[in-house]
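Lettered A, B, C, D, E, F, G and H in written order, each chain numbered from 1.
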Amino acid sequence: MQWQVYLSGEIHTDWREQIAQGCQALGLPIQFVGPVTDHAASDAAGDLLGVPADNFWRDHQSARVNQIRTQTLIQRADLVVVRFGPQYKQWNAAFDAGYCAALGKPYITLHDADLVHPLKEVDAQALAWAQTPQQVVELLAYQCQGLSRD
Amino acid sequence: MQWQVYLSGEIHTDWREQIAQGCQALGLPIQFVGPVTDHAASDAAGDLLGVPADNFWRDHQSARVNQIRTQTLIQRADLVVVRFGPQYKQWNAAFDAGYCAALGKPYITLHDADLVHPLKEVDAQALAWAQTPQQVVELLAYQCQGLSRD
Amino acid sequence: MQWQVYLSGEIHTDWREQIAQGCQALGLPIQFVGPVTDHAASDAAGDLLGVPADNFWRDHQSARVNQIRTQTLIQRADLVVVRFGPQYKQWNAAFDAGYCAALGKPYITLHDADLVHPLKEVDAQALAWAQTPQQVVELLAYQCQGLSRD
Amino acid sequence: MQWQVYLSGEIHTDWREQIAQGCQALGLPIQFVGPVTDHAASDAAGDLLGVPADNFWRDHQSARVNQIRTQTLIQRADLVVVRFGPQYKQWNAAFDAGYCAALGKPYITLHDADLVHPLKEVDAQALAWAQTPQQVVELLAYQCQGLSRD
Amino acid sequence: MQWQVYLSGEIHTDWREQIAQGCQALGLPIQFVGPVTDHAASDAAGDLLGVPADNFWRDHQSARVNQIRTQTLIQRADLVVVRFGPQYKQWNAAFDAGYCAALGKPYITLHDADLVHPLKEVDAQALAWAQTPQQVVELLAYQCQGLSRD
Amino acid sequence: MQWQVYLSGEIHTDWREQIAQGCQALGLPIQFVGPVTDHAASDAAGDLLGVPADNFWRDHQSARVNQIRTQTLIQRADLVVVRFGPQYKQWNAAFDAGYCAALGKPYITLHDADLVHPLKEVDAQALAWAQTPQQVVELLAYQCQGLSRD
Amino acid sequence: MQWQVYLSGEIHTDWREQIAQGCQALGLPIQFVGPVTDHAASDAAGDLLGVPADNFWRDHQSARVNQIRTQTLIQRADLVVVRFGPQYKQWNAAFDAGYCAALGKPYITLHDADLVHPLKEVDAQALAWAQTPQQVVELLAYQCQGLSRD
Amino acid sequence: MQWQVYLSGEIHTDWREQIAQGCQALGLPIQFVGPVTDHAASDAAGDLLGVPADNFWRDHQSARVNQIRTQTLIQRADLVVVRFGPQYKQWNAAFDAGYCAALGKPYITLHDADLVHPLKEVDAQALAWAQTPQQVVELLAYQCQGLSRD
């Protein structure tokens, strides 16, 4: 059994690589996917269609172009990991979590203990809260235990 | 035709009252609902069941108790208005927006122009972005135009 | 049993009034709803939120504001009547028909015989094709036959 | 990750080939599908079952035979591109767009700037509006960026 | 609590009246609905739209007109009773049962013991098999037991 | 706003009455529904259709007759309360909880602390765990706070 | 693109083989599946679990065992062909058609012209009516036209 | 055709192995999956995230971690077998059955005759009740009969 895991949220640290490498080291049958994580490219995703005069609509156009990918990959995923870092608003991460909750798509969160209170509604629907990428790797290893790799 | 509108998000200003009073002044056939907006009561919503020893689980328990109401009322609503104020993380508001998006439930956002960039993914699925409660009232008046009140 | 019927499409003739009056004359228990049919108001529906610099985004904003109403009313309706007149592109009417088809929402079409060929995909999912408002009235009267009015 | 993209709409120019060749040149892992684009064959799709005496029912029968394919392929697709050319009514293309909207299936449109106003309801639910096949190729290349080809 | 019950199938005996009168005698809070049971009117339901030259398409048109009503009323119903009599093919009744099964809509069957074997697939998804209208009345009375009438 | 609450599970104590009376004393706008709680009547629910020779099929027939009511009432409910008492297997209560979980229907559990471990999977999807009927009353009162009674 | 086609209905003639061989001769990328067509084995499908004393429950048990397969295969299929022969009640075939209709699963019918009237409700939701296996082969060949075989 | 079968319930006997070996001996194209069946590991599944101070929340955390796997595997399965043994509460097994019922996912039960009465609601939605692993093997062999192995 092959798992597909979508890694949503923070793009300024290497948490995605830590999880992917940790799972690879264990030989887990997991394919990781996620959004485009090049910040500038993501903000400009719609510019190839023409740059709107208003900032709002430029952002709107790029965000909708990005949703082609995020909607498709989240709907295909078996599990979504939503990461909140110490900086920035990260409303897109909370939006993805709400999106998963309504779809009945399992998700877990990854954040430090000092974000527990403001994330309580997001965590309340998550199937787990992890504090480190290593914990996520262990959780994923547990899920794969005893399953055939085919 | 009676509309039911859920007012999600910020609880520290009187934007809910402004919208409700503006619609009432126009005689619009709209019923407004929303979360419990007493901050302390909301944080303690689960305490009557016993107070967990860990902060995480106390928050978790209260957040789940609150979701009995928010899930039911959002699913019943015809439209959701999601308000982001200038302060706090407000991840619950972004979570509600993502929840609406996945359900195909129409929602609009209400926030100042300086939040446009961090809210771009949330706005990208919204059917409108308003900057003032008065604009929301006008939008709602437009929706009701020419419909029987029965 | 009360029926709710959504009248979609052409806004330049009085077909909506003909159907409503015909049904009222027969005392049928039907409530009719539809989009805002004031053309100028509909095109400007989003302008109260600020007028975008680009025509595309002005249209986009107004169209999304109108979809708050059309999505809600179509989802509530028992039956949708989609009218195509002799003029204009009327892609919004075909869009509404496709929207109904995917939802499994019953719809019928109302158009002249010379539009049969270009509308064949739209008619192929419709439960009936009528050529006159009077035929629609008769169809609706048939649906109500023998049902209690409560 | 393999993408499946459905190409809906206009059948009188080579836009499908342009997109397919552009993506092939970039080595993108995308499979393109679409309706039968031989106009005469499509109109006669149902004739093998017997030709109805009335034109309406001949069109009806062929359109329903074609929907076996279009419904199946649209439901399987990750993304739908809906093309509107300068000629003809093309209500089937708008119908496909509405069908996608109700399913929550991501779609984008491809049309010239002079069709912006009549297509505003169709564009309002699209995740992007492109004006050239080359823009579609670039959009698709962006979606595939950084994803494994397996 | 008010129940809505759809009575599907045979139209040549008075089983619908027996059930309705039996429930009325007990004062049960149930509203009964069903198809148009005037055989000739039902076969001619589409003729007001013009009579197709081919018998197949005349039947097709009338059957689709009837489905406006049957689809709507079955989807609204809390329970469907499907009656099979001793005569005729009655494929429409079995079709309604399959339709209910896929929707997860509770249905029961009403037929004599000599139809048990050919109806085994239909009965296998039914929540009950009754042999007389009086049994259906008793079943419905049981369902209402102890519920408030509001 | 009127709430509908389904009370599932144990039928040997008066917990339903305690909750209903507690809510009535507070004037909460809640309608309570539930299964038929007369044990003998429930076991014999299908006997009016003829008593099967095998015990398994007698139980099967009665259980399916009861599901006409339970499925309908659970699907209509805003919230389900699932009660586990100290005795009996009560697999039907756990079944109802799983049914709610898959529907995305909010439910809470009501049981003593010594059942926490064997009920952990049931509680894991519940939005709250209460130990007394009085706690359920307080939870419901909280949900209704600040909502109009219309 | 590989198609999966479910062949439902009559089991006393070789129509399934005719369709499969016709498609194989054309090299169409179609996998055919269907129910167990050994009549005696199908009627006895549940007997291995013990033979119920009542005929009704023996039929019931076997029919439910068969539905494990039919439900799974119909839900996986891209298209269902429902065959009605000149003999027997064949209510299971009409049941499968209704099941497909409610799922939005495309189906076509295969029957002689003298069954048109009693099958009008079944045909009304079918995407095509064929009279011979050869016509079904041609229809399927048309669906596969121009699609890659991968 | 490959089947995926989820084996839910009792973890203290070797019924899973008996079914898997029986099917392997017959060369059936079935992949079996299930929960983590190491009791201690399952109870401690969440402990790697930190051990909550309260027993209730420790159980809650572990149960939610386990649901990542069970929800995903049940939703992917073609059939679920739910086993009830002679000991323990086994509410999780009944919960899985209710979960399947609401999803429309076919499931069968496996238990001794003395559990028939308390399991009547669970069996009432099951497509079969087996008493031995060997019967399950025979049932599965029947399902695969005549299907291609590809």
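Rule of thumb we're sticking to: contacts are C-beta pairs under 8 Å (C-beta built on N, C-alpha and C of every residue); 3 or more make two chains touch, one makes a residue touch a chain.
These figures come from a predicted structure and were not determined experimentally.
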Same or different: do the copies chain B and chain H touch each other through matching residue numbers, with over half of them shared? same
Specify the angle of rotation obtained when superposing chain B on chain F by their C-alpha atoms, rounded to a multiple of 5 degrees. 90
C-D or A-D - the one linked by more C-beta pairs in contact: C-D
Averaging each chain's C-alpha atoms to get its centre, pick out the one most distant from chain F. D
Among all other chains, pick the one whose mean CA position is farthest from the mean CA position of chain G. B
Indicate the whole-number Å distance between the mean C-alpha point of chain B and the mean C-alpha point of chain D. 37
Inter-chain centre distance, chain A versus chain C - centres from mean C-alpha coordinates, in Å: 40
Between chain E and chain F, tell me the centre distance in angstrom, where each centre is the average of that chain's C-alpha atoms. 30
Per-residue multi-chain contacts in chain B, two or more chains: 56, 60, 64, 67, 104, 129
For the complex, give me every residue of chain H touching chain F. 55-56, 59-60, 62-64, 66-67, 84, 88-103, 113, 115-125, 129
Contacting residues of chain H [partner chain A, same complex]: 31, 33, 36-37, 41, 45-46, 48-50, 61, 64-65, 67-69, 71-73
Parts of chain H lying in touch with chain B, wherever the complex brings them together: 52-54, 56-57, 60
Chain A partner, complex, touching residues on chain D are 1, 3, 78-79, 104, 106, 108, 127-131, 135, 138-139, 142-143, 145-148, 150
